[in-house]
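Same chain, two partners: chain A is paired with chain B first, then with chain C.
Let's turn to the complex of A and B:
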């Protein structure tokens, strides 16, 4: 079952030139795809490829200028659907500092459900549940400003979870974090997905994409490829034409395999790949 | 001529209950023309150390020389020091402010008191160095540029000061893989062709591994390791204990080494590793 369907959707920004005239910049250009319920979808593309614009179309922050976006069959173009859609599609952005609204962690997480007019006892439950999901329960009474970037981002995820969405969209939510923070956020995303949440991960880190069910590659507003990580990364020239890169380990595995070494061409673990090569060499 | 730190120590909020030693008797020398990476966890003291280099933070105790300038002296010629050491902070494009690209890049040298013709020449040169076309971009608003272009213009603003040392704090953060590649090859070019000493802070161990000649690891305000990349990442257990990532190509070559197979030469990029493995085919197995 599809939770989100994007059908020939386009989006354009108005641009203002120095001479006073205006123009249009097509950020998302006639894009179609589906997101299956419970899947882990990665959206990748160069800076300016339109992936963040596309992400904002998934919950109606941007409404398509052409085509349509359906969330559980409801069109984002219909204003009366928006409330229902935003309840189902939660979003976390890049900069953790821009997403904190309260001075205490649990109040920050409660912001969403409060605005949905949920009864207070249930809010308390939801906040406790959401903080538990991101492993931040012990920080409930702390100030968000004193947390690390990864912790702040997990609080932001908890804030989205407290609305109990079906889909969680992470729009480069790991981009500003150090490797430790990135690991924490990714682990949370994977756990939520394992528990049934649909996750859409937008990222520049190709290694983060390897566990996704489906990878969507964007280039200049269009989708240029879609498939499993290995289907995508086995096409090195396609990936590089989209200004991306194949993860180093996968690239090495593929090149070794093509050169006649019988190693697993879809190996994603550098240590394991080294082990495979050793076995080959030491057999002789 | 080089950067020499001797027993450099810095304490935030000294003599208060909140005192925190951020840099703890660091001694090191960075020579002209080196390309060095500084790595370490958030809070390891790397930024505090670097802020000493152009006296954004004054020396509390210990000594620091940048070329012939004694930065630990009471009176420091800040103008000269800051002309010598260019700092590029994280997300430098957030610091763009002028109406046009030209004005933005000219801001630094103008404030150094450089005369008009020289400023123009420097702006032209700096923009060309970062791969921007001077004529077509000089009158544009820096805010109309793409993310990668903005970052290059911000870098040009620092290069227009003609620094001998360039300190970059996570220069590739937030860029796509192609943007990363562009910035890194640009920095490498500045290092090799212009002879600029480059000190780069990065969290991306793969990027560091492939590009620099020397890695300084900070931990709790101290220099824990100061080694060439391949030697550093041979210490796989120690690196993982510090919660730093071991680069993928190092994981691969380390695994071979554990089984008694040593790849020859410089094997840090995918290309180099692939070629070295291919060479084994010719019966070159150890």
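Let's turn to the complex of A and C:
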């Protein structure tokens, strides 16, 4: 069953040139795809490929200029649907500092449920539950400003979870984090997906899409490829054409196997590849 | 360097006053401030000082931190005292030199004014020293709730206040970063005249304003994503409860200020004036 259906959706920005004229920049151009319930979808693309704009169309922050976006069958173009749609599509953005509405962690997480006018005792439960999901319970009373980037982003995820959405959209949520923070956030996303949450991960780090069920590659506002990670990685020219890079492990495995070595070309795990290489070295 | 700036002046402790309900603290502070303006006798001032000392004692805030807040109004204190000394033309003339005349009433008024301002500021800073800005915001929102019945968006105002509070550290950090970035591009903030120095801050202000606008936009996206719809019906997680401390604190305050208001009411009482003049002065 599809939670989100994007049908021929387009979005354009108005641009202001230096000479005073205005123009339009088509950020998302006639895009169609579906997101299945419980799936892990990765939306990848280079800077300016329109992936972030597309993400903001999934909960009606941007309304399609053409085509439509349906969440559980409700169109984001209809203003009266928006509240219901945002209840079902939680979103976490890039900069952790710009998503915090309160100066105490638990109050920040409570912001969503408060807006839904949920009774106070249930808010307390939801906040505790959400913080537990992202493993941040011990920081409930702290100020978010003293936490690391990864921790702040996990709190932002908790803030989205407290609304109890069906879909969690991570709009480049790992882009500003250090490798450790990225690992933390990804681990949380994978765990939530294992528990049944539909996750849409927007990123330009190809390493992060390895575990996705479906990878959508975008270039200049259009979808240029869609498929499982291995299907995408095996078309190296296509990936490079979208200004992206196949993960190093995958690239190495592919090149070795192309060069005639008996290495599993679809290997994604660095350790497994290392094992295969060791075996090869022993043989020769 | 800028990072060391902490907003507000909260003194972290777990005292009687810290644990009181912040709504009660605000209300009692209002009573106190009104009381300060009603006092006119030295006995009254002594009485108020006594109350303030009890409150400070119960708050475990060191006197030093309280007096620190006086530094900000030092100039105002001295200025108004000097004005009173020279321009009050009542009472007996004490000193006359050139165009300056000092009357004894001027000295008395100046002394009382200084006392009054000191008590006022110390009382107000006791509130901010024992209550976090977040709690203050919550308390103000609850106290002003009746205004929302006549259509004033109290919740939105409180949200703006709390957003401002939570963004101050980020913006200070940002300012710090921009200053360092501009210094790395050999910007000079420390030499030249006043105008040159003021101009040197333009390259800090412009990036800061731009980044703040971007921040605001991102924040708006984040808030909308979390189902924020302005004045729509909403609930609050934070529960404020009054306890025995609030009762005790209020009782003490009421006793003290009932005395002050009584004293004020009997200021013209002939019998008291004749028999206990020191009480009224």
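By definition in this document, the second predicted complex is superposed on the first by the 280 of 284 C-alpha atoms of A that agree within 3 Å, B and C clash if a C-alpha of one lies under 4 Å from a C-alpha of the other, contacts with A are read in each partner's own complex, and residues count from 1 in each chain.
Throughout what follows, contacts are C-beta pairs under 8 Å (C-beta built on N, C-alpha and C of every residue); 3 or more make two chains touch, one makes a residue touch a chain.
Computed from a prediction, not measured in an experiment: that's the story for all the values here.
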item: Joint occupancy of chain A by chain B and chain C, clash or fit; value: fit
item: Touched partner set for A:48, first chain B, second chain C, both or neither; value: first
item: Partner chain in contact with A:175 - chain B first, chain C second, else both or neither; value: first
item: Touched partner set for A:103, first chain B, second chain C, both or neither; value: second
item: A:56 touches, of chain B and chain C: first, second, both or neither?; value: second
item: Touched partner set for A:225, first chain B, second chain C, both or neither; value: neither
item: Which of chain B and chain C A:243 touches, first, second, both or neither; value: first
item: Chain B versus chain C as contact partner of A:74, first or second or both or neither; value: neither
item: First (chain B), second (chain C), both or neither touched by A:128; value: neither
item: Smallest separation of CA atoms, chain C relative to chain B, angstrom; value: 5
item: Those residues of chain A which chain B touches in one complex and chain C touches in the other; value: 94
item: Residue ranges of chain A touching chain B (in the complex, touch as defined); value: 18, 45-49, 94, 148-149, 172, 175-176, 178-180, 204, 206, 243-245, 247-249, 251-252, 255-256, 259, 261, 270-271, 273-275, 277-278, 281-282, 284
item: List of chain A residues in touch with chain C within their complex; value: 56, 59, 61, 83, 86-87, 89-91, 93-95, 97-104, 106-107, 110-120, 123-124, 127, 144-145, 156, 159-160, 163
item: Residue ranges of chain B touching chain A (in the complex, touch as defined); value: 41-42, 141, 146-148, 173-179, 181, 203-206, 243-245, 248-249, 251-256, 259, 261, 270, 273-274, 277-278, 280, 285
item: Residues of chain C that touch chain A when the two form their complex; value: 133-134, 159, 162-163, 165-166, 169-170, 215, 218-219, 221-229, 232-239
